[in-house]
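Two complexes follow with chain A in common, the first pairing it with chain B and the second with chain C.
This part shows the complex of A and B:
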């Protein structure tokens, strides 16, 4: 069973220009009790930016779910929600 | 130091990319009038008072991106397609390089001091007693400042026992080191170009994004689209601006449509060598000091605000100028484009016969986004015809120019550097004082942007990241040159 919230931040060129570089710092902003339950990594371009139906860069994938136009606040919020799901014993099936 | 991570930045970048995407699809004229509505559809929450205002401001932003000077246009702008056609047809770009969206200006406070609800209407009332202009009166149980009488001295703030008085900056005015941006009779900002040094700080300081550079992306893209050869001359602060290695960024620039990619660090080496020779010569002739010459915002500041120092400014040309001269000899039929972190270079470029256009890294980023190029996925490519050394490559950080000049002076005379890192009012006063003939050193390096070019208004990456990347790149280049180079 999965124990950590997986956060993948696209560090492709478009995402980088639209703020992904800032998002990479998110690991330091996660509240202390959650910190060891979150895994943040940069991933290379998925090409989502080339099709506007996917939304705007920067793109972040949290437990398999894509967030477009990601901001620190929205990503943190999503991380907290996912962490809650995990601690409730509910298995997040997205991305598994 | 400049912080670019904000929504005004991302809105600008998104619009630049959308405009170029339309241009490359051959749909600029037919599609540009739809952009404001597509970006702010009726169902979207407004950022300003309503989506109609958001759309109206977007129209003005797009005009600036098309290179139009908004001040010169009628109250009710023409359809964007007409401006687009005008942009596609123009042969040259014009001054000024900045433009103000006065409709977008929020007309920030007239007075910098404001008395908040924390005022308890005390008996002592030191604010009223200590105000030199009798500008504070009591309305009910709270003190109030009369904006017409207040002179922003700040004494009231200092004496309030409740810390009830706050200082509210006007960000663009605070950013401007030369008082060139001011309020008109309606409280909105305008730029006095007789004072402006084109440093571009106001454009990034305004939280409403109401001041913009007049972009030349259309001019460059039009030539790329027409398959005219276009030379990119890239400033040394490019290292670390985009994902992947420097070689991958060069490959990205080629993929964006530039046919030749030159390293302006080559020109920086020429500047450093000539400046070193000039320095030795000037000191031998009895000059007390010499000022560097590569930062165009600073040299413009000397011309307009510290004229006495003018005689000390090196007459050596800038790295851009030497690189462009080389490009003009070698690629005479090509369009020559400087790409850097700088807005003042747009101004310098208009005055340089060898430069056709100037883009920022941010604008280069718009080309990459519009064409769906991910630099990190490309196979690396080297610069064309580079002769750069670590000295030229080290220019874009504060102290870099000094170190390069010092290297080429090679001990002929003692270099005593003075650094003005970030041109503020204080630095300008220093330059005025040095102009009288006395300075605490003999080589005066001035960088308009605090931290150097890597902190310029046109950068994409956080300067900390660029600094790290540049240091690693210089160390690597040095290791390679000691193992392979024979003079």
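This part shows the complex of A and C:
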């Protein structure tokens, strides 16, 4: 079973300028009981900004799902939702 | 015979409280030879500085005009005023001349500390012969430089460091030589790493208040440090593979500046980029890791910041910020390189044209142009190819 929520922050030029650097603090902002269950990584440019249909930078991938226009609040919310799913045993490692 | 690059680094600190340094160093490279002159004016301050400047200027000009070393020394000694009470010349000097054809060298010392020469990291004691010119003893040593040899000329301000502060008799020639040996054991990539280390120790031994002007000029005979920077995806996707292949086979150190460019290289290598997220700051995107690449950074923001850092540090690596981020690491790579080749991909990310975004970034081509201009000004060999 997967135990951690995987957060990948795109660190390409567009994402950086549009606020990716602020998102690195996300680990510290996660509520205490969840903190050990979140893993934040940087990911080399995803290239999503080249296509408007993907939305606006910065892009963050949370457990495989892409979040565009990512802000601290939106990422936090998504992490909490994923963590709940993990607690319910609803997410497995398979295919991730 | 292996072609050698004569890497020279000159550094000086002035006596505490003085506005001018009484030591002067001048170097010159002609087609046939490299000339290094260090002169120490008697005393300190303005007068010492003027005398030392006069001495280095005369020597450099005459040697550049191919006047023989003995004649140059005779002229200088004949020109220099002599202190009436102490009967010593108002400035001392050391000269090193290296012939490019065979790397043979000649070192001349006039009242100055003996030059130091290191072969395979160990101090050498080349034979010194004494010649009398105008009733003064001149010490001459000769030899031939080999790859890895390090030579330095220094003023007595370095030998006296710590005198009465941290040591009874000052640092001393033998101890300075041992210190240089220790630094050479760490395989310096450039002469600056040694000279900077010696002068930093000098400053520390003087407890931050040098009692004399102190200067050193170091020479490292080595292969040219080459650097290739790949930045930006090529216009033609079909040419990516050939360009990356050529980049990966380039001699010397290899740097990739650009997220997409990094991904192209990673895909060519059949691997993925690892991002060191902790190196990210609000100004500079993080460093990436990729096997076979010495440094991987984001492109435009990082290069802009590096350009700023190079201007701010005035090309002195010791003045770069101590934090480890991509822009600082890129500046270090550039400062350690003698020749830099840029491979600039011209593919444009449409999103960069977005009006809310474009004000933040320069066009890659303009940025490279500015960097090249600066590097050329500072004597780096720079070549650029667009793809």
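Just so it is clear, the second predicted complex is superposed on the first by the 92 of 96 C-alpha atoms of A that agree within 3 Å, B and C clash if a C-alpha of one lies under 4 Å from a C-alpha of the other, contacts with A are read in each partner's own complex, and residues count from 1 in each chain.
The working rule: a residue touches a chain if its C-beta (ideal position, glycine included) is under 8 Å from a C-beta of that chain, and two chains touch if they have at least 3 such contacts.
In this text the structure is predicted, and so the values were computed from the model without any measurement.
Would you mind checking whether chain B and chain C clash or fit side by side on chain A after the superposition?
On the shared chain A, the partners clash.
More residues of chain A are touched by which chain, chain B or chain C?
Higher number of touched chain A residues: C.
Which holds for A:50: it touches chain B only (first), chain C only (second), both, or neither?
Both: A:50 reaches chain B and chain C.
Taking the superposition on A as described, I'd like to know which of chain B and chain C A:41 touches: first, second, both or neither.
A:41: touches chain C, not chain B.
Counting only touches as set out at the top, which of chain B and chain C does A:9 meet: first, second, both, neither?
second
Looking at A:21, would you say it contacts chain B, chain C, both, or neither? Reply first, second, both or neither.
A:21: touches chain B and chain C.
After superposing on chain A, which stretch of chain B overlaps chain C: 73-81, 235-243, 325-333 or 397-405?
Clashing stretch of chain B against chain C: 235-243.
Residue overlap on chain A between the chain B contact set and the chain C contact set?
Overlap of chain B and chain C footprints on chain A: residues 11-14, 16-18, 21-22, 44-45, 47, 49-50, 57.
Mind listing the chain B positions that touch chain A in their complex?
Of all residues in chain B, those touching chain A are 5, 10, 13-14, 17, 242-243, 252, 362, 365, 368-369, 372-377, 460-462, 465.
Using the touch rule from the top, collect the residues of chain C that touch chain A in their complex.
Answer in residue numbers: 258-260, 262-263, 266, 272-273, 275-277, 280-282, 285-286, 288, 298-301, 349-352, 357, 360-361.
Per the contact definition, I'd like the list of chain A residues that touch chain C in the complex.
9, 11-14, 16-18, 20-22, 24, 40-45, 47, 49-50, 57
Flag every residue of chain A that touches chain B in the complex, lowest number first.
Those residues of chain A that touch chain B are 11-14, 16-19, 21-22, 44-45, 47, 49-50, 56-57.
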